[in-house]
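Take this structure, written in structure tokens, and hold onto it; I'll ask about it next.
To keep things simple, chains are lettered A, B, C and D as they appear, and every chain counts its residues starting from 1.
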Amino acid sequence: MIRLQRGPVEVGGVTLSNHLILAAGVLGTSGSSLARMLREGAGAVVSKSIGPEPRTGHAGPCLVVLEDGVLNAMGLPNPSHEFKEELKPLEGEPVIISIFGGNPEEFSEVASWFANSATAFELNVSCPHASGYGAQIGTNPDLVQACTSAVARFNKPVWVKLTPNVTDITLIGKAAEDGGADALVAINTVRAMRISLEAKRPVLGNRFGGLSGKAIFPIAIRCVYELYESCNIPVIGCGGISSADDVVEMMMAGASAVEIGSALRGNPGLFREISSALYDDNGFLPKEIIGCAHE
Amino acid sequence: MSDNLPVMVNITRIVEESTSVKTVFFDKKFEVRPGQFVMVWVPGVDEIPMALSGPDSITVQEVGDATIALGNLKPGELIGIRGPFGNGFSPNGNILAIAGGVGAAPLLPLARQYSKITFLLGARSAPDLLYTRILSECTNLMIATDDGSVGYHGFVAGLLREMDLSIYDSVCVCGPELMMKSVLDVLDAKGALKMGQFSLHRYMKCGVGLCGSCCIDPEGLCVCRDGPVFRGDILQKSELGRYHRDACGRRS
Amino acid sequence: MIRLQRGPVEVGGVTLSNHLILAAGVLGTSGSSLARMLREGAGAVVSKSIGPEPRTGHAGPCLVVLEDGVLNAMGLPNPSHEFKEELKPLEGEPVIISIFGGNPEEFSEVASWFANSATAFELNVSCPHASGYGAQIGTNPDLVQACTSAVARFNKPVWVKLTPNVTDITLIGKAAEDGGADALVAINTVRAMRISLEAKRPVLGNRFGGLSGKAIFPIAIRCVYELYESCNIPVIGCGGISSADDVVEMMMAGASAVEIGSALRGNPGLFREISSALYDDNGFLPKEIIGCAHE
Amino acid sequence: MSDNLPVMVNITRIVEESTSVKTVFFDKKFEVRPGQFVMVWVPGVDEIPMALSGPDSITVQEVGDATIALGNLKPGELIGIRGPFGNGFSPNGNILAIAGGVGAAPLLPLARQYSKITFLLGARSAPDLLYTRILSECTNLMIATDDGSVGYHGFVAGLLREMDLSIYDSVCVCGPELMMKSVLDVLDAKGALKMGQFSLHRYMKCGVGLCGSCCIDPEGLCVCRDGPVFRGDILQKSELGRYHRDACGRRS
């Protein structure tokens, strides 16, 4: 198998201790769970998406586990500005604060709360199941550019997380780049639904949700590959990664680092497992692998 | 492996245990370790965590939308079950069970499964005591009520403080947060923290260790997956009894 | 499990012998293989997509089997008008001719060849990996409407097959409806890619391909559900169906019938298997099930 | 189960078998029934079906882009293998193998695996004969050349016509379409259709029974999955020797 040399990882203005990042919204609601993921070997962590107001999220069921993935509609539950408290024990650690809002002003307001504490910002313009937020911003290039600019003013690295639920993801990627993004994260979940036969209704409280996990890996690879061809800022791959091989495949598609979410289910030690399979002193230099499938 | 959608079960009967507590029986049995829980879907309302009080039952205290809706369902109506989830109790040797209020639910299967359990059952008042008939049959039952209407007058922790714990190997606890904190303190005082097993309640959404809503400080453990049952020594420096997080993730 | 009463199935102007239709491009290149699928119990069959010129398709690999799906980039290989020959032994059978073109005129030209022999037309405006065709038409509502009208003139039922690779599938569905479509088929494959780690390049000859099979079932359910809410013509569900339960779930989402492709791999007898699990004299009436998850 | 992407193998050596035929060896062995095939990916060129002429080899006749590119690869270069696919031969008892040209490839593992095979090997001319050394060691080898440069002068079907088939239980055949058709006709004439097993060539793209490009008339059987080996009686009324379909699906 293909292995990589260890070494400092610089991506989109952030220094990571390895290429593996905790994805937004997974075990990221409290400072202590973020700290745990760092202890478990994550190279950096992304928080739960924080918005302008506290939200309880959608009624349950919020998540069902499928044979080859996970379907969720959490509905962006978040403590809003109180999340600042959670970051105190994390000072000095690579913590990327995921934020969402309904317009550039809201993005800017939320960012302002974390202007001192965040290592970087990740803009969630891609959640497929929260009306007025997420993908409802992220399908509109002008809004994406404006929201990115609004956060770029804080002089922290800005990553923009994209939805695959668009006709052409590269248009959105370019809009983020034009807005001053330091990196693109691809992808958020794929809009999806399952129905309970016996209940004769959608299983999620919100009816619609987002598909993550193994099922979407080939879609994520495609999106990363497309963005790498069209944009000039680093791409961070996300979607269905669960092994060192998956990480390498994402990197070959063009990812400079990766985020991992669903695969942590039942395996909080996954970061360390992947690291030990991925890194080797005799491995390739990451730059030899990143984007090599484009040649 | 296959999709893990909620399994819909038919309600077969509903038993009133006390004014605001009902046991809901359904037509499918789940294999469960005492202390494991399921996510119960009340279609059109919400999905909430519940201990299985038996292989085919949950015991519900009506406190809000979903629990009241559950209590109002009629035999023949459907609810969905995901799980069982979590670790459950792992008692050994001589067992002391301590239950407060509806916290008796996950301890009932324990009482049924193990012989010679001593069971401390606490509640506000006599009519709030759960399962007294069955518990008095299969356990050495001791009762405490806050108002002294029956049994020991006071909290279970008070009763516990007066007991000799040296004869027990495991202490399995479930009840309101503050009751559990008091029990934890008593165990601590008696140098018996490690034999304590506490079943925690935290806001749960996914039940499978992904969403993070149930995580407890300071270790970031998931109550849904690393718990809900934790050893006393692990909880000693935790948030237990001090704060918890609400549906938004705010501390309260 | 939920079962259906057997009975004549009328969908989008076509009478089917059951609800299960062979999806386009799967075992549909020759008259004899279409006939075989009818013998094996399909309620109707859709042909390989036929275009204005013969095409050899993309260089291989054209298809790889994944753990939970299939990734293909056939590239619309087709014999063009010579396909007429293939239909001779199928006279009187429910054969839907799938057609593609680069503009309304081409759609119309291809349709004209089959104006007498086809039971109905299915417009492939959704193949995600053939440049100038398929999804390049199907992401543009005006073109979809124009191509649909161009074929509707032949007074045969017209089904329009949609791509999920759009920001809003209902806009395209409505455009097809406005163009005179008799039914919508959802979905074609999801644009995707896999990379060979050892070869350090995409595994498909065409690099990009389309994901089908189990992995896309929740995406297909979502699309059918959305279309059922927004459009007034029947929806035919397609994507990842492999069991009678899957068929029922699609119907609850709003499908009046279903198409099945990838699941036939290794199991050409699947139609009969599903039928015998799906139908029962004491079952529900299909109309009680179709769309029932919307209540 | 796991993803079935092409397995990349390293070419270890290339042996020239005749002017336009090379055997390509690689560093991984595949478990294969004689007659099964693999899809061989020449990166950047195409993917084509090939019989395995051994657990770690294919024998390639250079006829076009992909096969010429294959022949030009050097040791150390990579090709991808999907499969093995298809049914393979299922011979029993006394076996007669009949090969024309590179059709010898799938029959070589058969010759190696079963003892006491009679092997009819045909080719245009002496230098085109494949594997003669090894076949003469492990089979009862009979040779036919179109030009008579060695062995029987004429087609293998001619040689076959002169043989007594009653001592055989299975006849396994692979070679050019028209050669196979002639053999089929001979077997038919001798009332021995059912013991014939023919390995067919059709345009293959997916290899797994989905794309339909390899289907044969009139039954719509997939050569890649229902075949590539078919019994003679099943082929008798088929398109074999009359037409096949090209990459577009056109008959030719």
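Basically, a residue touches a chain if its C-beta (ideal position, glycine included) is under 8 Å from a C-beta of that chain, and two chains touch if they have at least 3 such contacts.
Every value quoted in this text rests on a predicted model; they were computed, and no experiment measured them.
Subunit D has its Cα centroid 35 Å from the Cα centroid of subunit C.
Remark: subunit B and subunit D have CA centroids separated by 68 Å (rounded to whole angstrom). Rounded to whole angstrom, the centroid-to-centroid distance between subunit B and subunit C, based on C-alpha atoms, equals 51 Å. Across the assembly, subunit C contributes residues 66-67, 194, 198, 201 that each touch 2 or more other chains.
A linear topology is adopted by the chain contact network, the touching chains following one after another without closure.
Pairwise, the chains that touch each other are A-B, A-C, C-D.
Considering their complex, residues 1-6, 8, 39, 41, 43-48, 78, 80, 82, 205-213, 215-222, 225, 245-251 of subunit B touch subunit A. Residue ranges on subunit C touching subunit D, taken from their complex, read 25-37, 48, 54-57, 59-67, 70, 72, 74, 77-80, 82-83, 85, 89, 194, 196, 198-199, 201, 203, 205, 261-262, 264-266, 268.
Across the complex, subunit C meets subunit A through its residues 1-2, 66-69, 71, 139, 165-167, 190-195, 197-198, 200-202, 207-208, 211, 214-216, 218-219, 221-222, 225, 245, 248-249, 252-253, 292-293, 295.
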